[in-house]
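Below, subunit A partners subunit B and then partners subunit C, in two separate complexes.
For the complex of A and B:
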């Protein structure tokens, strides 16, 4: 800390600027009715970014189409052979192989889980569809892994490459696939290969990230001992460094597999094969909840089995030390081959072992549909009033402001000037109290929030909102963050995306805040209680791997098409990250620290709130970061329940066959995500600094 | 809307003209004719039946699953050959531009008679006695209202990417309704089903033929009769005509007629009727029978019809 007097003057200055900024926001919001250009950015000032993008794409298509077509033709081969093989494979042989691999990766529990999942797929009569989806995953994952590993190695050796890769990966993960669907369709041609490409683009980043971390974090003594034993550069890399980082690299494989599974649905929207994603989509189109749930569970199960297997193989990898040698691995291969061959021979004699007979399938869809209908009828009245309460007190005020929401039908009275004065007094009192207690940050937050809730985000006016954001950026992350905020705003304003962007921010902001609060709470509870953690885990897995579309049907049945359903959908998906990271962070607080705190007589709650939570803060913040990323990626899905934001623009671009429109919206989503990420980091830094200050 | 129709007819006339000159013997090529299969039952039936007829002519046929939008890019690129049922109301600029540039050829209407407009469940007639006339909606907007739309009624419109026709009509005739974009067909059906189950008020932009009409008692809002085409944006309250009606078009790729002249000639004659399709959709969606089975049944029953197409 600098000298107090200096700090005080700078504090005073910043307070003054805060007051000026908030005052100008207030004045601008009041004046907007007389100056329509204030509310939404004038269309005349926008740049024709859409046209530029379309021209650029036409050029790329014209110049490189043959190259991409050739690539596409090459990639069709593995897909053709793999899906041909999986289609031919008798179910009994496939099951035996999968169960043995499951046993290898995680002993009997995982073998049983694998077997059970396959039994479910067979009973539902979805084996052929599942194999078609698996073929897509089986081809896209190795390609994504190879690409990611290569780029990761390049990024490890050259910081310049890494600096280039980081934003590219952020963009490929945040720009929704639909935004670049048109160019890849035209470049690669129609067919399953397009789904494959989309899958690879989305799935390779985790591999790059984990490869870089894996290679970098190899302890220097291992490298030194490698050097001392006279390893050449190549040996040093493959035999020493890559092997020592193998565990992390394999975790990258695991993450890449999960990401590829997320793309099954997207690949189906493009079309080309009769797979599980297609089944989910076509049943969703008919709003058949039961049928789509049955198929959606298959995707969730596939994801869970592949996750456990790749994770199991990844974490047991270090045991495969040279002593065990080739014999160990050989034995496993032989077991699989032998068992598969025996089963195949048996299947030759028994046709029922080749194709699962129709008589052995069950169809729970009708029951599920009936059940959900009964539930909806029962729950609707109660939940409707909850919904209205939240919409009138939180969702709508944030969007259009209390000044427009309060009325006889919503709040039960007509708003007068005196209500506004009362509201202002309340905000002022809260802020004054915080200020008096020496909490300036809190005082400013209360006034800003009071202002936003009064006028609504959409009525803040674009100059007002920009001013507020830039100054906030400067205060939280210095000139650098202020600059990035400005750059993001320039992009969003000049492409004419401001109106939709602000609606996206409103929807996502609310949903992410709720996810973070709920998720962190559940994560803390799970870290404190093992049984609760065990209950939560499969729920988390399902929420994250089952296509979110499926959950939308019952949500719409209860809450109708509109913003509230969208909010719930985002929360259901984004809540998982904070739960997981919070629990992980709390459970991994160093045992020494806990022992020290306990020996000093800390109670259980002191231990949690004073020791564990502060120490787990980096992980908790990572949970927030991920919740934001997931939240923004859900905007494409919420557009399907009728929200009016950037996700909607992507579909409009698609339906117009206009690449530029959708891509600009996708980039705007990426820009918002990246900026939010920067704010999280800045916040995290301040927390770190505070923690360091508190513990000398 | 109007432009689309005109272009379609023009293109259809052109193809009819050219194909009658080419009297080649089928099959001209052993390459399979790739027919697009979309995700709704009616189209799957049309595609399967068209495929069966083409097979009778000796062609190799491949049915390819394709999303409604990507299929257009694929047909433009010549990677898919033919789609017997494309609704010119739900398709988009990609379709119109394809027709205009000549990379997609319209082969005339399939013969189904669609209907588009606002639907409501039968029980709404008790809550809003003037129905089915659109005029009743002015007085009982509140019967269709929710807290969020107060004091207006709530109309669930088409998803935003299907265009803004419902919003245009509401504006043109000054209806006291807020239009909520439907998001997607699945979302619209989910809301419709649950509203009916709970006997809640609902008014929704929808289209026929659709299987939901076989399952539920749904009625269309009725408009003033009109000579010629209804112009949606400029109608007024007193003489409102509602919506211009769409058509299901047959389309194929630009080099299709040159490569398979006999197939193109058959496609020009290929038609299906509402009643045929509705009955088959019901069998498939409600009674769980397979599309192939019904297509085969249709082929045996209608041999007299399709044998004239392939001459």
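For the complex of A and C:
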């Protein structure tokens, strides 16, 4: 009997601390006006990290510039040749090659899709821009694959190398893309090489991970049979281990290709290359939405074709029919070469087959612009009221608090003390009810959110927010997580990033919460209904393979520049992960458990809510974790549509060439991402422990 | 009578843990005491002082339940796992002293191994899988094809040469595994639970197939199994392992008639004695017997004698190799021997 009473006292103690923490947050928020140093972290206490970084960077540039520039020149060499070749290649030959490869990777459907996509590109007259982007992909992917494969092999053989690689890869993928464009720009100089190098850095980690998994997961029977066949070390690696793990390794190539394409498109923000990403960006900036939509679709098609082809080639079953002789063995290569040669000969005679004639192109941009304008005008009343409703009830209160938002213009009445008292009573009642029903966590959550929505995140004061976060970290993941929270806060505060960071958290938090709710709901629906799942799957695939830029286009077209558009774009990008993980989790609940519950007489909805959802919780949480990561990476891109947070700072740093500013903001964002990841993991651990039965 | 020794395994130890070597320095402990010392010292002895000989042309079976160390032992024999102590002599040469290079040569020419989960390369078809060891040796394509065709015929896979492992049933996949291990024409054939992953009916069929192949090839074999009945069908001699130690070595009959302890008796108890006992084990000397009794060989199983005994109630004469009279089997002697053998049954052992 001693155990529960001990647990009870510790419970009581933690509840007391919760009340104290929330009370101090309330007090600090209420009386911040008398102490201005509370609201924003005093500038005098910040470290001049920006200056140090700039000085450091100047030194690095001064000392190593020739090295980097030489490297840049070396990299430019293959790029020059590849883009020269692709520029010279007659469109007809390129199309024939692409369609045959598409057939090889996915039979007629993929061949047709490839052909159709190319036809669209040609009709829009965007063939040259597409080839310029493809050249960057064609050079960066093999380099990233080689680098990733080499590091993966090293990581496979040496656990020490793997331990070193894991955090490095986590950082290259969490530091926002824009943030490392800048140092690359400074070191390697202006030009397409920046996109190339950024693409390689961003794209090699999936290759490393898949290589390690592929090499490690080869069944021991296969390795032992290779050894007993008398394989030498080299034979064992190349003929047995790497060959048996090849499918996984090729999946790495697929992921690397997609990451590289995504980065290359983002990198076109630097300009200087006549590629398709630049076409989208420049037209977007000029508010030529029709033009940017037309080019954006090219990016989306290019991404989908590259994804399906590399995925198809990776997972292709070996030829089951016996192939004999030189021609049988090299059938595919010979077909491609033969068809390309024939088409080239034809193109020599027919110039229209070399360069797509201008009078074969169409320009729907004008019509599109007109259509969009008509639509927006027509739908304006509805769209505006939706937009305003969400901004006034969610976006703004979360940012500056209901106390500052509620007014005649926004809510239709002036806030009085009695409104505040009523709000407080409502929160207290909700939390009291939850407490009475024994749901302590829920009660605390209601009070916390009540507080935050009343004052707004920006008015929580930095000591108050820190206190809340550190205690929350302690409750979620013990002293370790409390410490990491403190470390992250110290970094953010001392670099003077706090004010912008809070805005990032506000925008991203709202978007992630929305995508988690929507995504989980859709995921549940998809798990319950096969037809719905079939409809959802291609939409998910498209959203996820699409380079992030493209998502901005339709949002801006309809809602114009602003925070609301950013919100929608982030939701669209982050919603896929929760859908997928929820559906996967629900569909993979053990059959035995479902049969047992059914035989006990569970209804369909009981089965879902009482059995499947609780058991799928670890996967649903994984979806939340991924949604946060996707949300943060999209956040930076939305700086383009005019947000006011860390992403914007990175963007400003990039456009002004101020390395320090951009880098500090980028690091702050990575710190937020890594911390959010830690919180998710902590919760996940608790859920896992609950499912597996907590041990005494 | 057994031929010369092909493989000899002496005092073999495999110990998992941070520093197994220190336990073998200057120790005079008995194996069990030493193993106990290792366990208390945070080590896990997986094979403890294992020793046995395999003669030329003999099928030696190691039988044990999971975790008994049998797979560890067979891997130590081919050095897929490095033993920590002891000797493995193949044709009198210590395998543990061989360099990597020499070991590869031995694996290429003298050893073949079959695995529980087949260990086939998924991207190669049947003929490519089978000729894979030959390809590693750098043999010419023609030689590869000729040898592969030979073993494919031997295991009855003719016609499936161009199928991929994923297109084959488990039994067929293991035929490929067997063919691959035989393609190098090994002298020592190691089989690690080759039929355990197969359905019971297929397993039985594959055991027959294995016996047929062995009658033709007469390899020296170490065969691992957890299935006692499989061991009985296949073994010339067998060892029973438990917790890393060999509990008993002998022919199947010896084990059944004289199990050293309750553990072995638990396995042997389930076996119908009538399938195991042979004529020479139930003879009595019968000086005044009538002439002209039917004659049987000493190695005939008594199961097969029953109808003959029914036809000749007076008894059956058992004659040795050169016609020497060994004794007579009568209904009474048979029943008595069976009764004696049954008393080794675990339930009776347990009652004392």
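One rule holds for everything that comes next: the second predicted complex is superposed on the first by the 594 of 696 C-alpha atoms of A that agree within 3 Å, B and C clash if a C-alpha of one lies under 4 Å from a C-alpha of the other, contacts with A are read in each partner's own complex, and residues count from 1 in each chain.
Convention: contacts are C-beta pairs under 8 Å (C-beta built on N, C-alpha and C of every residue); 3 or more make two chains touch, one makes a residue touch a chain.
Keep in mind that what you see is a predicted model, and the values were worked out from it rather than measured.
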| request: Classify the contacts of A:643 with the two partner chains as first (subunit B alone), second (subunit C alone), both, or neither. | output: first
| Where does A:10 make contact in the superposed view: on subunit B (first), on subunit C (second), on both, or on neither? | neither
| task | Using the superposition on chain A described above, determine whether A:191 touches subunit B (first), subunit C (second), both, or neither. | result | first
| Partner chain in contact with A:181 - subunit B first, subunit C second, else both or neither | first
| Taking the superposition as given, does A:284 touch the first partner, subunit B, the second, subunit C, both, or neither? | first
| Which of the two partners, first being subunit B and second being subunit C, lies in contact with A:221: first, second, both, or neither? | second
| request: State whether subunit B or subunit C is in contact with more residues of subunit A in the superposed arrangement. | output: B
| Overlap of the subunit B and subunit C footprints on subunit A, residue-wise? | none
| query | Which of the residues in subunit A end up touching subunit B in this complex? | reply | 181-182, 185-186, 189-191, 194, 268-274, 278, 281-282, 284-287, 289, 373, 376-377, 380, 388, 391-392, 396, 407, 409-410, 549, 552-553, 556-558, 560-562, 639-644, 648, 651-652, 654-658
| note | subunit A residues touching subunit C in their complex are 219, 221-232, 235, 239-240, 243-244, 246, 318, 320-322
| What does subunit C use to touch subunit A in their complex? | 75, 78, 80, 104-105, 107-109, 111-113, 115-123, 125, 132-133, 136-137, 162-164, 167, 177, 180-181, 184, 190
| said: Quick check on the complex: what are the subunit B residues that touch subunit A? | reply: 39-40, 64-67, 69-74, 77, 79-80, 92-94, 97, 146-148, 150-151, 156, 159-162, 180-194, 197-198, 211, 285
